[in-house]
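Note sheet for the following structure.
Note that the chains are named A, B, C and D in the order they appear, and that numbering of residues resets to 1 at the start of each chain.
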Amino acid sequence: MSEIVRVGLIGTGRIGQVHALSVANTSGAELTVVCDTFVDGANAVAALYGGRVVTDPADVFASGEVDLVIVASPTSTHVDLINQAIDAGIHVLCEKPIDLDIDRVDSLRAKAAAADIHIALGFNRRFDPNFAGINARVAAGELGTLEQLIIISRDPAPAPQSYIAVSGGIFRDMTIHDFDMARFFVPDIVEVTATGSNVFSDYIKEEGDFDSVLVQMKGRGGELISIVNSRHSSFGYDQRLEAFGSDGMLYAHNVAPNTVAKYSAAGVEDRTPYMEFFLERYATAYQQELAVFIDGVRTGTMTNPTFEDGRAALVLANAALESATTGRSVSVDGKL
Amino acid sequence: MSEIVRVGLIGTGRIGQVHALSVANTSGAELTVVCDTFVDGANAVAALYGGRVVTDPADVFASGEVDLVIVASPTSTHVDLINQAIDAGIHVLCEKPIDLDIDRVDSLRAKAAAADIHIALGFNRRFDPNFAGINARVAAGELGTLEQLIIISRDPAPAPQSYIAVSGGIFRDMTIHDFDMARFFVPDIVEVTATGSNVFSDYIKEEGDFDSVLVQMKGRGGELISIVNSRHSSFGYDQRLEAFGSDGMLYAHNVAPNTVAKYSAAGVEDRTPYMEFFLERYATAYQQELAVFIDGVRTGTMTNPTFEDGRAALVLANAALESATTGRSVSVDGKL
Amino acid sequence: MSEIVRVGLIGTGRIGQVHALSVANTSGAELTVVCDTFVDGANAVAALYGGRVVTDPADVFASGEVDLVIVASPTSTHVDLINQAIDAGIHVLCEKPIDLDIDRVDSLRAKAAAADIHIALGFNRRFDPNFAGINARVAAGELGTLEQLIIISRDPAPAPQSYIAVSGGIFRDMTIHDFDMARFFVPDIVEVTATGSNVFSDYIKEEGDFDSVLVQMKGRGGELISIVNSRHSSFGYDQRLEAFGSDGMLYAHNVAPNTVAKYSAAGVEDRTPYMEFFLERYATAYQQELAVFIDGVRTGTMTNPTFEDGRAALVLANAALESATTGRSVSVDGKL
Amino acid sequence: MSEIVRVGLIGTGRIGQVHALSVANTSGAELTVVCDTFVDGANAVAALYGGRVVTDPADVFASGEVDLVIVASPTSTHVDLINQAIDAGIHVLCEKPIDLDIDRVDSLRAKAAAADIHIALGFNRRFDPNFAGINARVAAGELGTLEQLIIISRDPAPAPQSYIAVSGGIFRDMTIHDFDMARFFVPDIVEVTATGSNVFSDYIKEEGDFDSVLVQMKGRGGELISIVNSRHSSFGYDQRLEAFGSDGMLYAHNVAPNTVAKYSAAGVEDRTPYMEFFLERYATAYQQELAVFIDGVRTGTMTNPTFEDGRAALVLANAALESATTGRSVSVDGKL
């Protein structure tokens, strides 16, 4: 590989732009090829961050100008593009999820496992400094035995109906981040139970989806995991995590835009609402995700979540949907 | 009723002593009869707080010296003592649970419903200023529609094996407080799902009981309720509650013994661990519980949790146990 | 002394009532004589908490019915009543200040020093669990060498003009608590510098008094002490303390009425304003102050602030006033 | 001016490197000339961030390649370099202080006032989001009338003796930031009183300097300002600010490296110590300081602190030193 890691980007929507900025901010990396079937999008990104513009992903893989490719195109293209990356021998960081259909994911599973390249899944939250910090401290034994994990995850506001319609449902679209977070701490999950509800959104209900869910899971060691989701939150992005062990607890509070508290006759310790936007909330995580991947590519040590992690999250999401529909706990023992 | 409310106490163990102190601290109330089959216990309480000592509960009801009776004797005696209180026409505040056996509870249900007296169940946490304050604010509409309720409830340390053996199991012994707290906010619960685990205590496992559980429930309006329990907590009594609604969230943080924070090279904002003992943690709640009951007796307006509340908590506990055992959600629709 | 400590109370105004309640709450203590020239006040207190009513303080000392006396009458009577207590050989807990006039205080100084009784000054804040806790931890060396002490002390609202007119000025009336708190941590203060200001109250200005002041002091060991006062605070009683040492800092945050935080589109972590009333804020401190004094009387070990502490606080207040008036630091070396 | 703002940098030490990075991170700005008499330093910075290397500042001003210059060379060169910038008609952002000698500052005062260029002083803390946010809210009237301002400012560790020896003393070297912060809120200060102390550092004492100081100041409107400084802090950079007004208080808490709290038998709510390094603590402030200056240069609207602000801070520092030495309040009325 050249000294400068050359990066290709496929997909220049909101998330693609985030990755382009991350590349620009990474010393030792360069955006060399930018691809979007919507050429205006590709041109805009290339103008800001550099790179030659193409409209066919095949041209990215054939270019000889990229060491790794970031896949930020629609979900339905992910399996095919990872496949092309394997064939071309080019490392790939693919946005989550791999696919909404487990059969399509499984069709690539063996080939992905055998591939010579790094395949990283874009579960960026593993790189949030707070969650990553807790994970490292738990791994170092600071809490003794990990016994319980609570993940609170609420979006500021639901996506529009058009998006919900093709999202694959809350478990595969939103909770999937929390399933991966759960596996970040407890990789070997054996049982999933979920309850869904419709409490505030008519259009989410119309699409046959839930706007609020609870999930409880069990790890092989008896670890209990609780996930709380809502598609809305009046006070901004609500993203907390509580790791409880035999010797203590580590709690990641929300990220605040500043440290200023107000004291008045109306109330005390009052602070500005949390951030509204996931790109702002997870800006550091996106940057760090790419830095770790590029470093992994350089050194040959892979620490990002993998294809298998991406698949496991989807299996858990499917199990949760089944549980919420049937009212039964679903065993995933041997299925991850 | 005489101007001073005359109180009889049956049972002078740890919890009975708390109630005796509460009576002593309540202006307009007087401890007149103290009963325990273990006469030394009764004598000790009477020496501190006054009252004539008897050893047979029947003597309390027949004394003509009490307007209300507090039942703090072992669980197995509760149904019979409430029954006697009804017959004697004496108001009764009975410690939770009514009984561990729903059939015994139901055998008294109709009579309790028809009784002329106030029958209050000792779910003291409803009177904790933090939980009570949130409940009042939710009822006043401050959060818009209540959508989610999260209850974290961890004891400092498990009871000894001898107690666990006769406790009725974690759901009926410990979670029962949280079931009542859930119904304080969402009275009409329709579905219960639970997962139990054994992660730290061999002797709890030997007794066929769980040391850690998760419960998720659904209210008729689609409200989602999550309960997290552990029989131990290294940092003291962990008792938190999060009420999440369409317009905001109210969160009851733990009660700290003081407001002092330490800042050093080892860490910042470091505070003294929470209280270890439920009587200390809920001292105000016990006091307030009795004050509200006495006020209710005086004015004829009953606001304490009732016999039916006591029964409903037991139904939920049984459903949770069934769910944790079968891996199925259990409908309690029409059963509360 | 009889087994039960018999307490006489002189003065049944707001603060006298607090002490009467404290006596009632103290096991092993009994209110035996209640004195006020305003007999209705004395009768009201006696009706609630017991005690024989008299209207002449001399009758309290001559009664033979009291082991200790609490002086809660107007400031101008304190010197004379302490004097009578010494003559009668009856322990005395006297509200602060001893007097507004240092000459009158000094006229009793030698006699007080030689007296056989305990003379305690009512600097109740030393008994606040937060401040007392920090003091004990500093004394135990937890912060290494104490280097800086910051006291923030703001009242919810100023006293009425009639009170201000006879208060002796903010330094002797309000800051005096903070001077004593400073000496609780740094007894040997050598220099006082103060700045006063009038920023919000016309009537305080009319009385020639300040509504806001800053005081900085220096201890013999070079310790720096900063006091910040305001006669008003829109968010309730603001009472904080920061002890900074070579090895860390201990910070006493304000006391909140509950632990509930609100999260909404308007703000997060928003809590109920602090308490408005000093008796509510310092309820525990008043109770503890009396308990410690009674215990000291029983055991002969005096740990409450003394006559000399009361005098020292007044010397510092006078020095602060001189400094604020002249623009010069005032040495109190050898004067405490 | 060219569309891209061309920046010259004089001085490539620690602070110069920070500014070079800020330029690199600012879109629409370019580092064109890098100057240091120590040519290796200049080369290193140019290698990372671009720019032609020169060793004589005169070459920067004569280059025709810069629209603005950042002066990050030793304090003793500042007056001369600002003078050259004025002569060359090149905007200048000069690190604080202008000089340690008020006479040298005043020798340039009239010329600076008459100059056609923007002269900004590097009081970066005005651009910290927390302090800036409070300032804006105070200006918008959110607190009613501003009555009190408390600035706590403690460095993690003292500079070495060699630096202390030439620093100009704590007031001119360290407190000068707080003097400017005070004037950010209360520009018209009329009186300064200071107390200095030596409590922990022998070598600071040897240099005739204080290691700990208190300053109290008064604004023309009666505003009271309290500054607390220490040259060391065991728990990291301690930088807080409290603005107290008639309608409330705004408090800037310290900036924490993450949001994670630990709960264990040793303590609860325990967090990682604050940052140790001013460049890390104020990274955003430095970036924002430059962005605002470049924007000001582009638009002709100057909002950074000015030459006059730099001079005023030095006047206050001198007054504080005089006060700490003489024990008298020093009037600065008409001197700012």
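Here is the rule we go by: a residue touches a chain if its C-beta (ideal position, glycine included) is under 8 Å from a C-beta of that chain, and two chains touch if they have at least 3 such contacts.
These figures come from a predicted structure and were not determined experimentally.
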Neighbouring chains common to subunit C and subunit D, by label: A, B
Centroid-based (C-alpha) most distant chain relative to subunit C: A
Geometric centre distance via CA averages, subunit C-subunit A, whole Å: 58
Between subunit A and subunit B, centroid-to-centroid distance (C-alpha), Å: 42
Residue list for subunit B, restricted to those that touch at least two other chains: 234-235, 238, 247-249, 254, 256, 261-265
Residue ranges of subunit B in contact with subunit A within the complex: 145, 147-148, 150, 152, 154, 191, 193, 195, 197-200, 212-214, 216, 218, 221-224, 226, 228, 230, 232-235, 238, 244, 246-249, 327-329
Residues of subunit A that touch subunit C when the two form their complex: 234-236, 238, 254, 256, 261-274
Of all residues in subunit D, those that touch subunit A in their complex: 129-130, 133-134, 142, 247-265
